[in-house]
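Two complexes follow with subunit A in common, the first pairing it with subunit B and the second with subunit C.
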Partner chain A sequence: MINLPISIDAIIPEITLACGAMFLLIIGALSKRIITNTLSYAAVLLLIFTFFLLVSLNWDTSISMNGFFVMDSFAGLIKSAVLLSMAGVLALSTGYMKREEIVAFEYPILVLLSTLGMMVMVSANDLLSLYIGLELQSLALYVLATIRRNSLRSAEAGIKYFVLGALSSGMILFGSSIIYGFAGTTNFTAIAEAFSANPDMKLGLSMGLVFLLSGLAFKISAAPFHMWTPDVYEGAPTSVTALFAIVPKLAALALMMRIFCEPFMGLQDMWVQILWVLSVASMLVGAFAALTQENIKRLLAYSSIGNVGYALIGIIVGGTGGLGATLYYFLIYMAMTAGTFGIIMSLRREGASLEKIESLEGMSKTHPVQAYVLAILMFSMSGIPPMAGFFGKLFIFESAIAGGYIYLAVLGVVSSVVAAYYYLRIIKVMFFDEQVEELQYETNVPRDAVIIVSILIITGLVLMPEPLLIMTQNATASLF
Partner chain B sequence: MIEFPLLSLLTFLPLIGAFFIITIRGDSESVAQNAKYTALYTSIFVFVLSLYIMLTFNPDNGGFQFKEKVEWLPSLGISYTMGIDGISLFFVMLSTFLTPICILASWDAVKLRVKEYMIAFLVLETLMIGTFCALDLFLFYVFFEAVLIPMFLIIGIWGGPRKIYASYKFFLYTLLGSVLMLLAMLMLYSQTGISDVETLMQNPVAANLQYVLFLAFFASFAVKMPMWPVHTWLPDAHVEAPTAGSVILAGVLLKMGGYGFLRFSLPMFPEASDYFAPMIMTLSVIAIIYTSLVALVQEDMKKLIAYSSVAHMGFVTLGIFSMTTIGIQGGIFQMISHGLISAALFLCVGVVYDRLHTREMSRYGGIVKNMPKYATVFMIFMLGSAGLPGTSGFIGEFLSLLGTYQVNILMSLLAATGMILGAAYMLLLYRRVVFGPAENRDALAMPDLNSREIGILAPLAVMVILIGVYPAPLTSRIEPSVDRLMAIYQTNIGKTLEPKKATLVDAEPLNDSSEPISLTYKEQAHD
Partner chain C sequence: MLAALIFYLFAGILSLSALMVITARNPVHSVLFLILAFFNAAGLFVMLGAEFIGMLLVIVYVGAVAVLFLFVVMMLNMEFKELRKGSMRFIPVGLLLGGVLLTELVIVYQTWKINPKVLTETLGDSAAAPEVPLTNTEALGQILYTDYIYIFQGAGMILLVAMIGAIVLTLRERSGLKRQKVADQQKRQASDVLEIKKVTPGTGI
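Entry: the complex of A and B
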């Protein structure tokens, strides 16, 4: 190995991904034909290759790049999940993009670049690297939202997402500069040291933290910063919606966990209050606002808002128990969402993609297997045992009760009952209503593979809920 | 030596049958036929296996038998623990006994999606047995809650005109109660670090915590039971569910509430049970009288039986929360008896509904002439429901009232009027449907019971009379477990009630006096 002034071992996966993305970009740009599909499969392979590179790394805590970059088992687990779910999302979307005639070859490359952004976010150990990662992923996602250029709705969704996203990035930047102003450093470890050396800066730091937190709340679409979510989910092509729903929030949640556990641990009494409000508001908005939705993508948008509310409970509780529960919950949520979007993308009615919930009418008669899969996913989303979604909720509420947040747990279960109503509605439409028009299911091997993996996780977890729990708890233990 | 996991086999056998049904391929006619037979044979085999378990069950042992324990979530100390005692044994039997009957009852009535219907019933059987066998808080919850899924689909897919409303109401009502119980379980777990039911029974939590936990468990079990005033989902669910769905709902699912009180509330929260007993007894008495009155004015046969179920379940809670050995025995017996009788009554309604497609009582009348066999079996169940001596209904209600009488005379007096009202509405139902003016030609043209229907109803009729005349095989197995439950209850209340010792001493003679009655009763039973 060449002797470099700084060690690059820890960021080899990121470098690989960046180089690979550039390489694919050049191939795509130089190619005479449009080779979106080939590039997509190449991107999936690249993601999986990067995943194996990541797994082969040493996951012991190490800080490199002059304190910019941290690699620990927490980052390792989150990055693995990001890489694999991104590969899954790409597998889900190739068939859909082809059918919808969205042939921009930039699509897989933008996905790769947003993945890279998320990986940098997760490993950020400095406010600057945090911002670089966040912006890289956000910019890629803005473009993805508008990828269907000739569609007014897609363009509207993209602009809306961009304007609000830029505002939130601005807030994060503003918050970071306040924090820098008080602490005199942007490094996470140094901020924590500066604070413990001089507790008087608490007020100033919490000012900065509030801005930082508001910006991050935009990214995870926690209420009351959720306004963009339903519109963007509805307007963007469904494959992009799937991506929005599944991956970026995990990276943003992981980032939140890291900044709360490292630089701002001393301000716990401050941020817990903010998160409490965010969590309760998200759960309630997610439960009640979804009740009247007719569009299935909007419904899933509100469902994701609600789910972020549950995930935040674990962060509020803190400790390996709480954070581990959040991770557990969110990983299962990702698996469920992947399956759900897979089914939705496969369905067509009268040659058009599915948008309305009513369009699922009578699906159980024409496509019983798919209908049962979707029903299982919906029961899992509403947290009914023995599906995996139940275990996610179980550990979240277990941590809340163990941490003494009983009211939060009560609000959580009550809103989960309200939310069960609209999940049941999808089942009702599929099973209890009579069919009006013919519904087509389009088979696509990579997409069906993702659906099968998702349903196996959802139904099989009951047999072995333990390994994932150990994994998430060990990962979060490295934060402390 | 590792003991053979009989209970797990019993629990998951129906699931294996369901799996085989999934794999059936071919044209829809033969698929339906094969699915029916596979489901029937599976459920009969499960019943035979449960008979074997009942016969090898040691009646002298009040503790848990056939125990199994496998690590499930070792880092949290949660394991897959199964076992039965005298209290749960007969609920398991009830589940395995009613499932083949349900499958037979749907033989011709269900024409749509037969394959899925049979799968739903087999899955439901697995979950019911699992609920009664689970000896870990969270395992119990998994089974208890998962029951909602097949039942929701059964009501929603194969139900009547207002099936959507009924299925939603059933699901959301029960879910809301259950999630509160889940929180209480988590609280209990975080306080003690134990999720094993048997260990938890020995270690009651602090008294002030017990009140909250009791109420949360109560929220779940009271809805499931159902107790007044959270019973309103039951008439809707019963009316809209297909016949077999009503049978399982009335026969087994309602018993999960009473079972829960016995398994969790009484031994784990003795202090709170003691504190809330007057409230629950009051609610029970209101349920008995109020729902009996409501039943009197029903036009829909299924609705009438549904309201009568609420009243009969009132006797169960009354008996259980009298906190006397005899009352608890009565409660258990009443649940078993009601499981048989109400199931049979719904089947009887199903028989005429299949012929005339209406449940309005006024559309029938005088059918004793053309359906004498039907009139006979219907009479047995009608009288059983009214609590006639010689049927199982009498023993359950009598023991419950006896237990209540030892604690509160007024309550038992008021509840006893419920027996009169019960006789009134059942006789009214019978008079209007079976006797009465023979005005409806189509009702008079109905053929009598066919051999399949006799095959369904006869075992139930035999059981109702058999255990009504000779209840000893049941009571002898139930009694040691109830004694053990009472012993745990007494010691636990002693543990948590240190400062209030005086009241405990006052309460003692009441419980002593129950002993002789129990003995004489048993002697009579053996005669």
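Entry: the complex of A and C
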């Protein structure tokens, strides 16, 4: 080993990912032909390689890079999930991008750089590294939303996402500056120490926290900060929508868990109220606004808003029980969403991609296997036993009741009953409606592999739901 | 005495030109006043001993941002009078919202407490203070690549993404463009392109 003034052992996965992304960028720029597909597969391999590097690291809690970077078992678990799901999303998108003739070779590079941003976010131990990570992942995602630049809707989605995202980044910065002004430091550990030494600066810190939280609520699209979600999900290419729905929210939720458990633990009575409102509003918006949607991508957008609402319940409850349940819920949600998007991206009708729910009519007769797979995913999403989604909701509501948040649990159950209507409607359209036009299912090996993995995860968790829960609870234990 | 005089000079011109930025009828004048405001603010920073921020203000804001504004204003050729027509309607609402926010901030400011360490401890007091006082620029240079290397490199990655994004979204390959190829020009031999024909008088080619 070379002797460096600071130890870089903990950030080796990040360094590998950054260098790999830049290397692939140079290859792509120098190559005479368009090699988007090759680069995508190389990016998937790079993500998996980074995952193995991450697993080989020591996951004991350690703070490095002059206090900016923290590595613990929580960060390790989230980063592994981010890396693997990003590899899955890239595998989903290769066939789709080729067919839709989106040839920009920068696509996989931007996905890699956004992954890097998420890893920085998850390991942030300072308001500065929080902001750098958040901005790195968002900036790459803004470009991805607009990557089909000749399409008006894609450009609109990108602009909307960019303007609102910039606003939320501004709020995060403003909140951070207030927090810095009062605590005199941006380091999470030091903020917690300063607060416990001087409890009377609570008001100033909570001012900053409100701004920080509003900005983060934009990023996880919690109601009432959700306005951009349906439009962006609808306008972006479907493979990018899949990315938006699956990965970034996990990183942002993990970031929220960390800032609530470390620097702002002392302000718990403040942020619990805010999260309570965010959670209830998201659950209700996700359930009721989705009822009238005809577009599958908009429907999934509202569904993701609702799911963020459920995930927030666990953060409100707190402790390893609550946070573990949230992580468990969201990991299952990610697997289900990956499968759903995989099927939707594979279906075509008259050579065009599928957008409307009614296009699924009569799918059970022409493509029974795919119809049953989608039905399993929908049952799981709506939380019907014995699917994995049921256990996710069960553990969340169980933790809410154990923590004394009865109203929250009741509202959650009510809104998930309402939400079940639109999930079941998809099944009804597939199995009981007459087919008008023929559907084509396009096989693509990496995409089908992702769908199979997603189904295996969901059915596997039915048989043994406990081990993953124990894993997530152990991981969150390192936050306390 | 002299310092106070210079301060009031800079501050006065700064406030006046800031006022002119929003009242000037000609948008080009607005941008020019903005540049004047930046210069005076930079002067104030230098007086505070923050010469690095002063230089940044001149280089980044005057050199890049304000010039960009000037370009945009001149190239767009917008009818600013048309834009302003309706803006008076929004003034009451704007004042109301601003007033509410200001009152809230004042109320909060009267009750909140700042970490006492922030008020007493400044950079110069810390035990590691060097014997020869450093300038701002030197002090920043010493920590940027050492203590803050992680953040610095992260910011570099963000700029890389911004650059990739700008290229992905705007670069278009156009066919039929005539480009100069120096290597091809150099390789060109007279024998490749010239042909000598003998012309007998009176016949033509």
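Basically, the second predicted complex is superposed on the first by the 480 of 480 C-alpha atoms of A that agree within 3 Å, B and C clash if a C-alpha of one lies under 4 Å from a C-alpha of the other, contacts with A are read in each partner's own complex, and residues count from 1 in each chain.
The criterion applied here is as follows: a residue touches a chain if its C-beta (ideal position, glycine included) is under 8 Å from a C-beta of that chain, and two chains touch if they have at least 3 such contacts.
Please read all numbers here as calculations on a predicted model, not as lab measurements.
Visitor: Quick one: on subunit A, after the overlay, do subunit B and subunit C clash, or do they fit? Just give me the call.
Guide: Result for subunit B and subunit C: fit.
Visitor: Contacts for A:L110 in the overlay, against subunit B (first) and subunit C (second): which applies, first, second, both or neither?
Guide: The answer is second: A:L110 touches subunit C but not subunit B.
Visitor: After superposing on the shared chain, does subunit C or subunit B touch more subunit A residues?
Guide: Between subunit B and subunit C, the winner on subunit A residue contacts is C.
Visitor: May I ask you to decide whether A:F69 touches subunit B, subunit C, both, or neither, giving the answer as first, second, both or neither?
Guide: In the superposition, A:F69 contacts subunit C only.
Visitor: Applying the document's definition of touch, where does A:V445 land relative to subunit B and subunit C: first, second, both, or neither?
Guide: So A:V445 meets neither subunit B nor subunit C here.
Visitor: Answer with first, second, both or neither: which of subunit B and subunit C does A:L136 touch in the superposed model?
Guide: Second partner only, subunit C.
Visitor: Which holds for A:V55: it touches subunit B only (first), subunit C only (second), both, or neither?
Guide: So A:V55 meets neither subunit B nor subunit C here.
Visitor: Once the shared chain is lined up, is A:A194 touching subunit B (first), subunit C (second), both, or neither of them?
Guide: In the superposition, A:A194 touches subunit C alone.
Visitor: Using the superposition on chain A described above, determine whether A:F397 touches subunit B (first), subunit C (second), both, or neither.
Guide: The answer is first: A:F397 touches subunit B but not subunit C.
Visitor: Would you sort A:F432 into first (subunit B), second (subunit C), both or neither based on which partner it touches?
Guide: first
Visitor: Please provide the least distance in Å between a C-alpha atom of subunit B and a C-alpha atom of subunit C in the combined superposition.
Guide: Across the overlay, subunit B reaches subunit C at a minimum of 40 Å between C-alpha atoms.
Visitor: If I apply the document's touch criterion, which positions on subunit A are contacted by subunit B in one structure and by subunit C in the other?
Guide: none
Visitor: With touch defined as at the start, can you tell me which subunit A residues reach subunit B in the complex?
Guide: Per the stated touch rule, the residues are 364, 368, 379, 382, 384-386, 390, 394, 397-398, 401-402, 406, 409-410, 413-414, 416-417, 420-421, 424, 427-428, 431-432, 462, 465-466, 469-470, 473.
Visitor: For the complex, which residues does subunit C have touching subunit A?
Guide: Going through subunit C, the ones touching subunit A are 108, 111-118, 121, 146-151, 153-155, 157-158, 160-162, 164-165, 167-169.
Visitor: Any idea which subunit B residues touch subunit A in the complex?
Guide: Listed in rising order, the residues of subunit B that touch subunit A are 72-76, 116, 138, 141-143, 145-146, 148-149, 152-153, 156-157, 163-164, 167-168, 171-172, 175-176, 179-180, 182-183, 186-187, 189-190.
Visitor: Which residues of subunit A touch subunit C in the complex?
Guide: Those in contact with subunit C are residues 5-6, 11, 18, 22, 25, 65-66, 68-69, 104, 106, 109-110, 113, 116-117, 120, 128-129, 132-133, 135-136, 139-140, 142-143, 146-147, 149, 181-184, 194, 197-198, 200-201, 203-204, 207.
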